[in-house]
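I have a structure here, written as structure tokens, and I will follow up with some questions on it.
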Amino acid sequence: MSGQSYSLKDLASKVNGDIVGDPNLIIRSIATLQNASPGCISFLSNSKYKKFLSNTSASAVIVNRENAVELQAAGIVVDNPYAAYAVISALFNTYPNPYIGNEINYFVHSTSSVDESVIIGPNVYVGPNCKIEKNTIIHANSSLVKNVHIGRNSIIHPNAVLGSDGFGYAPNKNGYTKIEQLGRLIIGSNVEIGAGCTIDRGAIDDTEIHDGVKLDNQVHVAHNVILGQDSAIAASCAIAGSTTIGKNFQMGGLSGVLGHLDIVDNVMVGAHTLITKSISKSGNYVGIMPAQDHKDWAKSSIFIKRRKI
Amino acid sequence: MSGQSYSLKDLASKVNGDIVGDPNLIIRSIATLQNASPGCISFLSNSKYKKFLSNTSASAVIVNRENAVELQAAGIVVDNPYAAYAVISALFNTYPNPYIGNEINYFVHSTSSVDESVIIGPNVYVGPNCKIEKNTIIHANSSLVKNVHIGRNSIIHPNAVLGSDGFGYAPNKNGYTKIEQLGRLIIGSNVEIGAGCTIDRGAIDDTEIHDGVKLDNQVHVAHNVILGQDSAIAASCAIAGSTTIGKNFQMGGLSGVLGHLDIVDNVMVGAHTLITKSISKSGNYVGIMPAQDHKDWAKSSIFIKRRKI
Amino acid sequence: MSGQSYSLKDLASKVNGDIVGDPNLIIRSIATLQNASPGCISFLSNSKYKKFLSNTSASAVIVNRENAVELQAAGIVVDNPYAAYAVISALFNTYPNPYIGNEINYFVHSTSSVDESVIIGPNVYVGPNCKIEKNTIIHANSSLVKNVHIGRNSIIHPNAVLGSDGFGYAPNKNGYTKIEQLGRLIIGSNVEIGAGCTIDRGAIDDTEIHDGVKLDNQVHVAHNVILGQDSAIAASCAIAGSTTIGKNFQMGGLSGVLGHLDIVDNVMVGAHTLITKSISKSGNYVGIMPAQDHKDWAKSSIFIKRRKI
């Protein structure tokens, strides 16, 4: 890739680790234990992969204190190898601003303000009344529709839509009257919004995505949702309107939360599950219909439909 | 925001309402009862919020006849406060054409026709054989692939894809032969297509989205679906190919309908539900596996798998 | 549309079919049996539509040998009418390169290589370290983020995102540390990626989409997934990280597969189903909670929650 290289000493100092072997060893990339080649650093954080430690071609391995004795060559010893790997991965990030050096077309409405440190990709649309703070990145082909505020150090991945119209209509005799969506979307700092996500602005009050939230790709968040700090939501989930969710919420992929609910802090929801009621007790909630061989499923399915209460 | 203001008399006349208090009172924005400040108009449509009526700082409140006696200050009395709120919300819409005043790049194929009243956002792609009628809006970063007709007064939200290739292949010895998709996508008038939606054009005959349909964000509609007038579909749903759906269909988020089905008028489907058979009787259909605490779910799950028919 | 026309002889030779009627008959388009008009060719592949054969206005019909005796007018007799229709559909494809004749803005990073035969639509973003091989098409408003390789004859539909950041974080005391995603996304030849799909590049090793894979719209594939040859996945599905899937996998819409699983060749998964365990036996797996009238569902639902193991 782009040729960054670091001494083992450099890397150890970034993660407050103890060096095993030559501190001047040069590391050029990160690899898994199985696929490493000389010049690579690897890490062991899941005991399932311990079997690969003795045969790896990695020049160095990040390990915890317990596994330090099993190092075949050089290494860095830390309390939490996975956290250390995360820190070191950033050093090998190539092209943190990939838009340098090409002419970029994007649109910022005259009523919006974008800090000069913000990186904006090609074809980004920033509509009226938006404000984007320091060191945030808005990647290619994203649309910030209206009334969107984004804090510092956040990342909006490509083709996301922020501040879109909430789904609000009043029924009338001939169909529906559209309710104009006059609120804002307030996104905090250190937030990541995945590729292809859609987050609506509020109808009157605001939609809020608090600091540290991480959304995977293709997540939908409806108008007037409040999503608490450090929540992490996997791909293809949807949260319906006016639901308030506490801190550290986690949700597996393809799951949803109905509207107008209250969810306390520290709730985990499994994949492919729908939350239909407010949750007042932190914990782990699941609602998957078990997948089975088609014949067995057909029998279970008939059973469920026949038995009532 | 942009400084529209209206007298109470102006607003009352828009919704055929009766004025309580000073007709010349100036209203500058809309707010909820809880968050209103002086200069705001609010509304009471859900009895759950009646408790906020006595303490609101709103200068005026839209209420029904029953609640008119409880008005603390000025107000507008109507039969349906929610419908009145919808009408008045449009008056406070800022920047109905947010693309004015910037240079816009978009693409319209030489075989396509776009009425001069149509608003097109930046980076919109309009491919061959498309026709877009009066007063429709195509928002930023949307793609109209091929053979797409859109009626009047419709809104296509950002990053939607219309007229994409249907998912059609004929199996062959070595995999699949692509079936070119030669049909059209016909979208009616007063339709809204949410951000990030994808709607395929027909394989041979057309895909049809009838007048007044509202799609929330990230909805997928496959080729040759016919979706009846005034249907409303919540976020992250999918409708499979060649299914015909009647008028006033409603579907909660993350739900789906299998292909080649017929659904009559006036069917409502809950969230996170799959419809696997044609529906010949209007009504309310649900197929959610209840979410439970993980331990309880595990027991229910084993029970379902063990008991057959 | 664009006025291609073919003699019946021309068409029969493309599909190795036997001609019934005038070999010089001119065919101008394809239509279904029900909606055909003179000048059209139609096909009969599903016996359900046999009733339309006697009254169709099609000038010619593609049929199998069994149905050849029922032809009212001209036709082409083949072993597999559906496969023949697929081949002939390509002849009537209008504007295979719809981007000719307009000025196109797109972005290719200086470190990336795109074969000169590749068709690129407007507003496409191709970031660092990408390689796109012969005759592949990248449609409008798509983003190739980083480290994306695409083989020959593949089609990327509009507004897709390829090579996006995988959803990887290491928990720390104050939230999460981002894990930079350093791997690649390797897409084979003859692949189609639907509109609005998102496919993440690998964290360290690569994400792989093998030859002949077809993804419908709005499918999400997480980092380090390996998806086997000729797999076909319907709309709005999601596959979680590090799952390895064999050849000929098929999955209905709105379904998912959890992470770190192994799925053998020739597995079919129904719509709206979650796969939570590795699958070592090919076959057909389903996990749908049956949709019912709301009252019946409520009873079944209480029953499920009360009965444990």
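Which chain is which? They are A, B and C, in the order written, and residues in each are numbered from 1.
Here is the rule we use: a residue touches a chain if its C-beta (ideal position, glycine included) is under 8 Å from a C-beta of that chain, and two chains touch if they have at least 3 such contacts.
Predicted, not measured: the structure shown is a model, and the values here were computed from it.
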Viewed as a graph of touching chains, is the assembly arranged as a line, ring, star, complete set, or other?
complete
Fit chain A to chain B on CA atoms, both being copies of the same sequence, and give the resulting rotation angle in degrees, nearest 5.
120
When centres are defined as mean Cα positions, the distance from chain A to chain C in whole Å is 26
Contacts with two or more other chains occur in chain B at residues 105, 123, 141, 159, 196, 218, 236, 254, 288-290, 292, 304
Residue ranges of chain C touching chain A (in the complex, touch as defined):
105, 107, 109-111, 123, 125, 127-129, 141-143, 145-146, 159, 161, 164-165, 167-172, 174-180, 182, 196, 198, 200, 204-205, 218, 220, 222, 236-238, 240, 254-256, 258, 269-270, 273-276, 283-290, 292, 296, 299-300, 302-304, 306
Across the complex, what residues on chain B touch chain A?
1, 29-32, 35, 80, 82-83, 85-87, 89-90, 92-95, 98-99, 101-102, 104-105, 121-123, 139-141, 155, 157-159, 190, 192, 194-196, 211-212, 214, 216-218, 229-230, 232, 234-236, 252-254, 271-272, 288-294, 297-298, 301, 304-305, 307-309
